[in-house]
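Chain IDs A, B, C and D follow the sequence of writing; residue 1 opens each chain.
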């Protein structure tokens, strides 16, 4: 195989983003895209050279030429599509979270395994050059054994009430990226979670049974401690910083800025805000993420973010939800037992 | 009164530090200093112009010319000395913590109140120009209502086994400064504490029933959340950073460095480590702290860090200890009830 | 016209770079590319979908479908190609410098003007988001009237002896970008130049009658002063910083880095070097530069970097060369008179 | 000698500053201070414990107990006082510049040498921890052989018209510190100077035959190049940065700030301006400068900034003045020949 033929399921914001990145990949052909509102995306799709638009993702799964699918539809459809795609022998790139339900996620991953197809979870931040460099530094032993991992993750604007309602809650919708980042940076699994949450940004979160602000403590299998702080609204833009502190030192990364211009006047020193949101901040990471997936298909390698990575992050998210509800630390083992 | 006459009780590291700062204050005369090992400090004391050295702090309390005392002796002696000093009508500057025991601290503060003498707790970090600026910015409303307060506080080197044993534990010995900082920066009281602690630096901490690494979550009365991360050993020096995130923005301060020289070579970009420890980092803050106390005496003002500030930090420390022991969040009200 | 048909003349490093950027521009079709070694580039060209490869650029100029040419051949061929291209009615994007000879450059620009075709000089740095932001800030009056402009421009590695010999000298080869930047940031023309140069990197520069290190002072028409410092070898990578100081303040930009990871250990604080060279640093700028050119063709607008911009930078470079040779400040008017 | 007895000549701003620093030096006794307006400074002097105030500096020179004098009077009085002080066997700390006249400076230094007294020129910036670190790094060979030295030096506010008139011009009044810094950082002498100057801040400078803005290029004996940019008015405060670029790398230092608080809001990222002026920025350097002088007296060492350092900076200043007047590079040798 020297060119991968891809079908994209779901042409919402993220499906379109992947399509627009993949079309510049000379090792990829996007054969088809499916969307419930096929007509609404037809012009866009033909404009970027996608051969076929359908409202039935089955068309994609039945196409024997297609090697792999990108599942970019709404979360509640992920598992059924994964099951069908695996049975059709398609390799799978699936957006996060795999599902809202641990049992379903596990079932899907078992089917994937049995089918022998490749599976990558859409944790794009692992491909950010800053976070990659942190992981390299940690893995090279430059800061010794990790003791404390700190992740700041704040969105510039809260989502709409409609989105909040179906989001599964902040932990599974937003923090799930940070849970994965915690595992990625330390190379260890999380065992226990404790959450302090609050509604400080907008009462709509309380109405939806959710929070908008949280500090989450993690205990790792190797004894290290993690802490994530989240907010649904940072007025200055997307705030995405990490720090790993260890026995020999510390590594930090800062936000990315659109430029480094610094203006000094009578009023003080000023610079522009960080890149506004994930599309700007993780533009390259999204490209690298799909490049890496395509690489795995072409060279028959393991995907860099597998199904278990998706599952682990979901387990932490469920433990976080329970911790918040019950006001106590919750072990991941407890969540697994419940399934 | 245009000059304050001061007696210093305890000529250990911190007593000497205050003495050496106070002697450059033209509004102060250090009349006497007491220490159990008076002879060992006599030469130093006369070298900086202190009139009298005694091994009996009672000599200081009985001196009618002395306006105020600095209590810099070991923590277990603070309360009895406070009681006597208050009864002798001396104003009091007391090092932190006031005591290891909430009931005793309360009793001491009541006697102080009854005696009508001024009392300042030795939270030097409030006088650091960086943290002062953060508080000003928060109080001016520039970042809106505080939502999340983050404090990183790491020592460069762990103390000796002997010190650890009598330290009262990391929370009351070291984190107490951070507990006060959390209240100082937000202007609110803490209501609940949850601790995740570990022994990752040196097993000696476990042997002494202590931890050397911790992440501590705080719930404030006004709904905000705080998080402190501590380590007894940062190989790169004293790590003292804070961040307050609020409804309108965020304010951060970084470590202080001995110089800003940045060297770029084939191997990368390099700069020297932060100021090594508290003597370097808080040199100015220690001076400002005593200046502020002297100001209060000369102009009959409220001290900027009063006895209740000392008490509140101790309450948080005790709640933290209990949270760690019992693996659950602990309310400060619970600690107060126990007394 | 809703799609521009382009021919590229010269498939060296820069010609290939433009081709690879242009092929992702949905408003562009690269119809042909010419190179003296057509065979050597044929595979590359077909790989990125260029229809035709020829060793005769005349083929491109004679193709009536082609709207515009990118002149990326060696400098000594620019003028004859410009003359022919203009006469063929092709719009022209020409790499810097237009020529090594002021009279020839002027002649070429006159022919371009007479032919009524558009002309853009390849000063890619104008499209760097950092420098663009500096110009915006200056033009918005935020730093008041510019008083001093400072440009640091250092290459990571010196070119080969072969290249140095035909480069036209450092000023016309390398500093020409900085001369343009000085005009771009201030919005004013340069009137006088004074150079202090030296051979400190490699004696090969002296052998070629060139320098490798220089500090160049500029006097602007509006009274401001500029200073450029150049080196052919910065061991830590490409050093590209600017500063504009004015009556109300100052604006600076720093280098760009591949990541912001900062590692603190016992040995100090470390980060990776800046982006290594122009391909990394100006990747986006090269894309924006060609986008802007395409925009001008599609919407019949003035090019953002015109022929006079190319000419002015050459005049400064010639004045610099003379200043170095004669050890005195040289006015641009003096150079113009010589032509 | 275990304590140095000092007399201070001139109780203007800088004389008072030295007095207030020296009084905290336990190895120093300030015996007397002289000022033309002795009465006006008497209260201040007694307040800080200076024994005697006189309007005749001869009283100081004739006092056999006095070991050393600080010459802080107006520049035109320096040379006669140096001559007398040297003949009286007093060690001398003299403010910069030694004089406005090269011949006089040379004569004074010869008399000093003949008298065998120690002499230190008041180049306080050499004692700034940032610049000291740069010099250490350069001397340790970390950046290889210096190729280019860059100094940015801008005052926050221009001096008064009265001061400008008697200042000797910007180069001898203000830039003289930068000339010394250039020699200090590189460890080499300057051989040639070229100046581009302008009046952009205030026409009063033109009226006084002076400039307020300049870029000054230096050629060093070892082939390196230096460049200084000056302004009499930076609206954001004192701007004092340096950079040394060499064969192996580059070292830079930034301005010092009163705090590191950084505020991010909807409007962007903001921090306070740098320390406002020399009293804030060089507070420690002034203390270290006098400590170093006292050290030399107590331990019979060479002063760290000798008379030749003062002379060399003056030579460069005179060459700069001539370069500006004649619009050409001027060699220091030319200035020496004129004397």
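Convention: contacts are C-beta pairs under 8 Å (C-beta built on N, C-alpha and C of every residue); 3 or more make two chains touch, one makes a residue touch a chain.
All of these numbers come straight from a predicted model, not from anything done at the bench.
Traced through touching neighbours, the fewest hops from chain B to chain D number 1. Copies chain C and chain D of the same sequence differ by a rotation of 180 degrees once their CA atoms are superposed, given in steps of 5. Separating the centre of chain A from that of chain B, both taken as means of CA atoms, is a distance of 42 Å. Taking each chain's centre as the average of its CA atoms, chain B and chain C sit 58 Å apart.
Across the assembly, chain C contributes residues 234-236, 248-250, 264-266, 272 that each touch 2 or more other chains. Remark: chain B residues 144-145, 147-148, 150, 152, 154, 194, 196, 198, 200-201, 213-215, 217, 219, 223-227, 229, 231, 233-236, 239, 245, 247-250, 327-329 touch chain A in the complex. On the side of chain A, the complex with chain D involves touching residues 234-237, 264-266, 268-274.
For chain A in complex with chain C, the touching residues are 24, 26, 47-48, 129-130, 132-134, 137, 142-143, 248-256, 258-266, 272.
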